[in-house]
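For clarity, chains are labelled A, B, C, D, E, F, G and H in written order, and residue numbers in each chain start from 1.
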Amino acid sequence: MPEGAADGRIEGFLDLDLDRAQRRGAPEAVLCDAKSVEQVAAIAAEYARLHAEGRDDLGPVLFTRADADRAEAVLAALPDAFHDPAARLLAWPAAPPEPTGGLVIVACAGTSDLPAAREAELTARYLGRPTRLIADIGIAGLHRLLNRLPELREAACVVVAAGMDGALPTVVAGQISAPVVALPTSVGYGVASGGVTAALTMLSACAPGIGVVNIDNGYGAGHLAAQIARWAPAPIL
Amino acid sequence: MPEGAADGRIEGFLDLDLDRAQRRGAPEAVLCDAKSVEQVAAIAAEYARLHAEGRDDLGPVLFTRADADRAEAVLAALPDAFHDPAARLLAWPAAPPEPTGGLVIVACAGTSDLPAAREAELTARYLGRPTRLIADIGIAGLHRLLNRLPELREAACVVVAAGMDGALPTVVAGQISAPVVALPTSVGYGVASGGVTAALTMLSACAPGIGVVNIDNGYGAGHLAAQIARWAPAPIL
Amino acid sequence: MPEGAADGRIEGFLDLDLDRAQRRGAPEAVLCDAKSVEQVAAIAAEYARLHAEGRDDLGPVLFTRADADRAEAVLAALPDAFHDPAARLLAWPAAPPEPTGGLVIVACAGTSDLPAAREAELTARYLGRPTRLIADIGIAGLHRLLNRLPELREAACVVVAAGMDGALPTVVAGQISAPVVALPTSVGYGVASGGVTAALTMLSACAPGIGVVNIDNGYGAGHLAAQIARWAPAPIL
Amino acid sequence: MPEGAADGRIEGFLDLDLDRAQRRGAPEAVLCDAKSVEQVAAIAAEYARLHAEGRDDLGPVLFTRADADRAEAVLAALPDAFHDPAARLLAWPAAPPEPTGGLVIVACAGTSDLPAAREAELTARYLGRPTRLIADIGIAGLHRLLNRLPELREAACVVVAAGMDGALPTVVAGQISAPVVALPTSVGYGVASGGVTAALTMLSACAPGIGVVNIDNGYGAGHLAAQIARWAPAPIL
Amino acid sequence: MPEGAADGRIEGFLDLDLDRAQRRGAPEAVLCDAKSVEQVAAIAAEYARLHAEGRDDLGPVLFTRADADRAEAVLAALPDAFHDPAARLLAWPAAPPEPTGGLVIVACAGTSDLPAAREAELTARYLGRPTRLIADIGIAGLHRLLNRLPELREAACVVVAAGMDGALPTVVAGQISAPVVALPTSVGYGVASGGVTAALTMLSACAPGIGVVNIDNGYGAGHLAAQIARWAPAPIL
Amino acid sequence: MPEGAADGRIEGFLDLDLDRAQRRGAPEAVLCDAKSVEQVAAIAAEYARLHAEGRDDLGPVLFTRADADRAEAVLAALPDAFHDPAARLLAWPAAPPEPTGGLVIVACAGTSDLPAAREAELTARYLGRPTRLIADIGIAGLHRLLNRLPELREAACVVVAAGMDGALPTVVAGQISAPVVALPTSVGYGVASGGVTAALTMLSACAPGIGVVNIDNGYGAGHLAAQIARWAPAPIL
Amino acid sequence: MPEGAADGRIEGFLDLDLDRAQRRGAPEAVLCDAKSVEQVAAIAAEYARLHAEGRDDLGPVLFTRADADRAEAVLAALPDAFHDPAARLLAWPAAPPEPTGGLVIVACAGTSDLPAAREAELTARYLGRPTRLIADIGIAGLHRLLNRLPELREAACVVVAAGMDGALPTVVAGQISAPVVALPTSVGYGVASGGVTAALTMLSACAPGIGVVNIDNGYGAGHLAAQIARWAPAPIL
Amino acid sequence: MPEGAADGRIEGFLDLDLDRAQRRGAPEAVLCDAKSVEQVAAIAAEYARLHAEGRDDLGPVLFTRADADRAEAVLAALPDAFHDPAARLLAWPAAPPEPTGGLVIVACAGTSDLPAAREAELTARYLGRPTRLIADIGIAGLHRLLNRLPELREAACVVVAAGMDGALPTVVAGQISAPVVALPTSVGYGVASGGVTAALTMLSACAPGIGVVNIDNGYGAGHLAAQIARWAPAPIL
């Protein structure tokens, strides 16, 4: 450790928020896509160094929005980290905490919303909740949604990811009593391109009980869902 | 008739499209809100004059988006016209044509979308289709929609009016085989204010089989629906 | 009751969602500003009729976004309803349920955000949560916010209402472990006019743990907060 | 077939809507650009498997928005599929149904709108309509449009694709009695870039009888046109 | 005249651009809607004062966007000014200059675009061009436009005013060799509300030879047209 | 004073930031248009009360964006306050501080930008700077601007208010060495309506040395200018 | 020539507008970036074929927005065409017509606007006007603009290209009597990115006498300028 | 030097503003990303030539927004220039002036805003101010900001760079008495993508004393800060 440096501080660009778990009840997350590969590598190395020095209050740390290069940089320093390339997420240590609280279900219509949905599910899991992913419900074929209602009603919080028209969260929220976290995705083309239409639809939802996060912000959705489900009774297995 | 004038022509501001019924298969409509009360009165008077001269190929003429003052101006010249204040529509002569073609159903979620929905229904009726209005289906309470599906499936074309999130047309289109005309309404507040969010949602609909018209354009929606249902078999009564 | 009518159904414009409390765990709300005074009066009368017939599973019903005329129409039929003119909200019956679950705090920066904040607080209260309103914290004078942190940390969910730059929810969320419902208000001028900037800021919040609702949607914010706080331990008094 | 799996279901990402033809009167379409190459390959393989098992109620299936890699993946599993690279569309089986119903004409101004126009035409053809493509009419040279009017008037539905100012659908709709499906394309630059201006123009069209679909949504336009023309009399040859 | 004041200068708020006619070849215009009634009155009074002192190089002065109150204020000081209430324009002295240069035609589709169209025509006339107004051509009924083509081809410059879809200028420009000034109007509703869609359509026009001015800027359109037609041969009568 | 209350605190809606002068070097301002008349009256009364109790560290207090009703409410409690109705500003006590620091010049093109410009000037004056207002320079007549350059070069900071195209700040900034505060105004119509175009132009300015404030935020512009000119040498008289 | 084909017609994608020179007074232009290389090659070949057959009324033809590949395709068929790579323009035959009419000056602030400016200049030259390019005037250094005023006043029409704040056309128009064609360019970053801010500024210009074309539409600007300058006296050399 | 050329003028594309230091108190800057590599090389060569001829009033010259190729072109002609690749900035001569005036602090939340922040700091330094960079304060963890307040209060001007929600400048401005230059960055995703949300938030800031520059305009922010701090007392070391 360089003389004069503080734990978690890398002079000139970073000051890790190591006490965040205590203040906020959730550990630190490192948003990778706004950092250079070198910066990501330095952060991962700092965690490895702190761990080698015996600190055991660090994790789990999430590295989010990590492309292949940044993921490789994390794994070089923390080779036993968990890595889900589709969700662009790494977690270290790899083992999630023992689940507590209510069930978080992440639902989406199909294949294209899966990366954001999976990021949300993994975040909630590493923040300590039991989680489940439902990937095949859509409003253009209501029967698939209706078939899944009993399952959705078991959740303490449901994250619904949707691109294009973004109408799925309203339909789900109208059928259940748990809060819904609406996660717009950038999937789409034409006027739906980039996800703004989905975000606007979700904010305009006719059904109450919906909180919206930023487009493609699977991490934020999972974080919020984990907070919401914290006090709920555990699911019956 | 002033010397030198042509039928349907009011020098300096209007040239009525009297042969439109022949060219387009649908009669003329007079968009009132972009005209002064005096101009609306002059147009109604011209129709009364042509009728008094014995022309019997004029109607039905629709006066759309007519507020109280403009409606009064129309009724002064054409006292036996039909008038629906909520839909801001007048029709002259008052009797709609004998219905032909397939059934046009106009559906909306509730009270606030009724003016646009009613304008659509009346337009389709005066263009010669059998019509029906369903005013109490919404996606926040799916059972009301599901209860109405058998009825919706009788239609040759369904107009779906919706404000706020504008999600209803997608859900309906996914359950029926007839084309859907999506009619966004300006009902809403916040990011849904003015109806742009509803229009974007409808354009982004996941289900195919939807054509969108301008916000609050009940006339256009009813006109299109009447054209679509023209060749379809008549509903079974 | 007219022959052939169903409870809660007013032919031609409304089909009350009377079983919503059972399905969603929260009672019906009547959005008044999209309805005519006559329609609001009819709905209130229907509730009075059902009550007179002995149904006791109806309430509490909230009438939201009710201006003076619509409030008067409600009070004519339900004279003992609770009415908060600033929040444009009426509740019937007037007595909120006995509070259960965690504390919902609604916070805003100042006077101009009070109507939306108050609507959120009352909604959460009528949905059965203990609530508190904090009206004088703002990010331009951090000391006021910092002074209130111990209190904010007692909440199971904090609704933060803000107009203009909409930055308050991020600052609050970064300091507490409970979820934050961000409620953008239309207060503001220039580029902040109408509340879209506040909504965008909240969606872009750097701190996780924030769910955003529509601009001025105090009802939606309070509803979501009540759902979130449902399972949390009661506040220590 | 893996034990426990259902027909058309690929665990974890897809649940094919195999009964859609029955419910909606049109077969399934697979939107490829939101799926990985592997996912597209898996879907094509599932159709091949179902076909090998003797199911004969599957087609025609359309694969839309398929780039070269995804098209190759489809052809690997379904080598006899029809493929139009410009329209980015594949159809399997390759032979379209025997045409029934009215004629669908797809019209566009020139070369740059051809991919979307061609996707619309092929979709309508595989949904069972007689189709024709007119590629050389534009409003900057009205004579070319006027020369084609007799032909356009034979159609039961006309799809008009246009980018830049998006004015062509209005001009066409004003001259014919059949409904027009307006298909904005992303062709353009400056304020027309991305197609939003074309979409807005089409929604604002002065002539009634126009339904608008999403930008570049040739599939949706063709689908809607096929539904519209379903009951119309067959064209005279 | 107050001591120390300069001609055309009203201390604290205005410094009239009296030499503009010399510098720019066109006289001053006073935009009234951004000024208080008192300020408009003061300006008109200053012109009256300068005129009374014998200055004869002042006119014609145009007062644009003048509502009833501001028009009255102008007429109080300059009682012989010309006033067209629909165009919200006053001109002083009332007599336009002897026309020189080529013909300026102002065309619009109907009644609602007339105020802007008339403002454009009057501006061009008071800047010294021969002018004509054609108020009944629209693209939804092409025959009316085609009938007027010979007349439109006489112009040295055509101003085309249009709201809603704003498509008329492109169609006109494609048929004539003179430059077109495209004047979007705020007439319209839904996505066409305020005129932005019309302005975007005009900027995106497929036909070259079009210059666009601000929405409802009839004065700017007429000014530009007068400059363009300045050197052209006079129309043959 | 109610028992238990603190100075400057009005329970339920306000907590005056009385130490702001010390913390920020500038006194409190009360934004009136987001408050009810009653709230404004209560705040003014609280200042009157504190003053009556002998506190002499309160002022000057600015009441901004005060319409006639709110101004009246202020004057009822603080009858000797300064009031500029056009700028919608009141100051109490009425006498500005003895000017120190460099000269602040507020420049605008004409009459319509005067309210915002005057608000900026008065704010800078009450924050203790020498100020001057120049109201007759515009880029459409460069000579007026060029004539004023020597004067503009005397300033330590120039606020430039402009609506419509918002181009004036760039031109001014390119000619002087002092910083420019760009103040967009909502004056304008068409695409300039509301001031967003002016704000965008100012942010895009080619010349460096410009800081932009919100549309119509004369108070913010004057405040910033007063801070900027604080250390500059006093103007030579 | 294939049997049954018409001159200038390439079946399936193009119908050249060969009589446009007669109808509009300006020859055909081929917008290359919306066409494939093969389509551009086919068009160039068709012109070569028509020329080889002895038609001498074809030119000059402009190929605009041609990148390197498309330019090569044109030159392969028409090897003696003129090519300006920066302006992405080719002209065939290479020799422009003998200049007639008034002088067209194209002005811009600096290097980044040169491609669009040069495209405008070349278009005006190939449409038969004398032209000149001034590339070093900007509003951040007014002296450079003022030095060029005598030269600018020689023009019958001035095209002003500008990106970023787009303020140059207003300043120029305020100083000259000739019409200004404002050409916004996509040069810029931040809120000026893509050129929309420049386009809005130009539409909002305070000075009259400005017509705006689409962003980067150098061809349209030059075409309009050539039309405007057609009747003006030739410049004095 | 070519015959007939003037110092700093490169015919056809550039006219260097060599007297800008005298007129504006700050030297020239060359915006590289809108110029070709060849143009940048030519400009650097012209400075080298002028320097070789003995002119000593040229610097320091800043080359901003220079990617690797353009930086290389500068260094080829001016090999001893200072180069900061992350800030994409070169300065020549390399030695900044002796610092005078007040301290400029540039603050940002983290690593992703560093390039813009560093560009701002270097610009202020080369314009002659003492500067400091603080890179680790963010509103999601207020303690880091509060710890730095004493340091921030030493500054005569603080530049605050922020992407995403752009809320940092308001919080900082509320705690200090020096003016704040708000520098939005394009860092972010979803609705924060491109930096527009950050810019809007900053313009809407509740705290006065903030001037906003264009997104990613580190040069403009540093330039303005250097002007603001010019007259302030030097920091105490």
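Here is the rule we go by: a residue touches a chain if its C-beta (ideal position, glycine included) is under 8 Å from a C-beta of that chain, and two chains touch if they have at least 3 such contacts.
Quick caveat: nothing in here was measured; it's all calculated off a predicted structure.
Asker: Could you let me know which interface, B-C or B-D, is made of more C-beta pairs in contact?
Answerer: B-D
Asker: Same interface as B-E shows up in which of B-D, A-C or B-C, over half of contact pairs matched?
Answerer: B-C
Asker: With centres defined as the mean C-alpha position, give me the chain D-chain E separation in Å.
Answerer: 46
Asker: Between chain A and chain F, what is the gap in Å from one C-alpha centre to the other?
Answerer: Taking the mean C-alpha position of each chain, the two centres sit 45 Å apart.
Asker: Taking each chain's centre as its mean C-alpha position, how far apart are chain A and chain G in Å?
Answerer: The separation of the two C-alpha centroids amounts to 51 Å.
Asker: Roughly how far is chain G from chain H, centre to centre by C-alpha average, rounded to an integer in Å?
Answerer: Centre-to-centre distance between chain G and chain H: 36 Å.
Asker: Which residues does chain C have that touch at least 2 chains other than itself?
Answerer: 140-141, 174-175, 188, 190-192, 199, 203-205, 214-215
Asker: So in the complex, the part of chain E that touches chain F is made up of which residues?
Answerer: 9, 12-15, 17, 20, 31, 33-36, 39, 65, 184, 186, 194-196, 199, 214-217
Asker: In the complex formed with chain A, which residues of chain B make contact?
Answerer: 109, 138-142, 146, 164-167, 170-171, 173-175, 188, 190-192, 197-198, 200-207
Asker: Show which residues of chain D lie in contact with chain B when the two form their complex.
Answerer: Counting only chain D, the residues touching chain B are 23-26, 29, 102, 156, 174-179, 181-182, 199, 203-205, 208-215, 219-220, 223-224, 227-228, 230-233.
Asker: Spell out the residues on chain G that touch chain H in their complex, using ranges where they run on.
Answerer: Against chain H, chain G makes touches at 110-112, 114, 135-136, 140-141, 144, 163, 187, 189-193.
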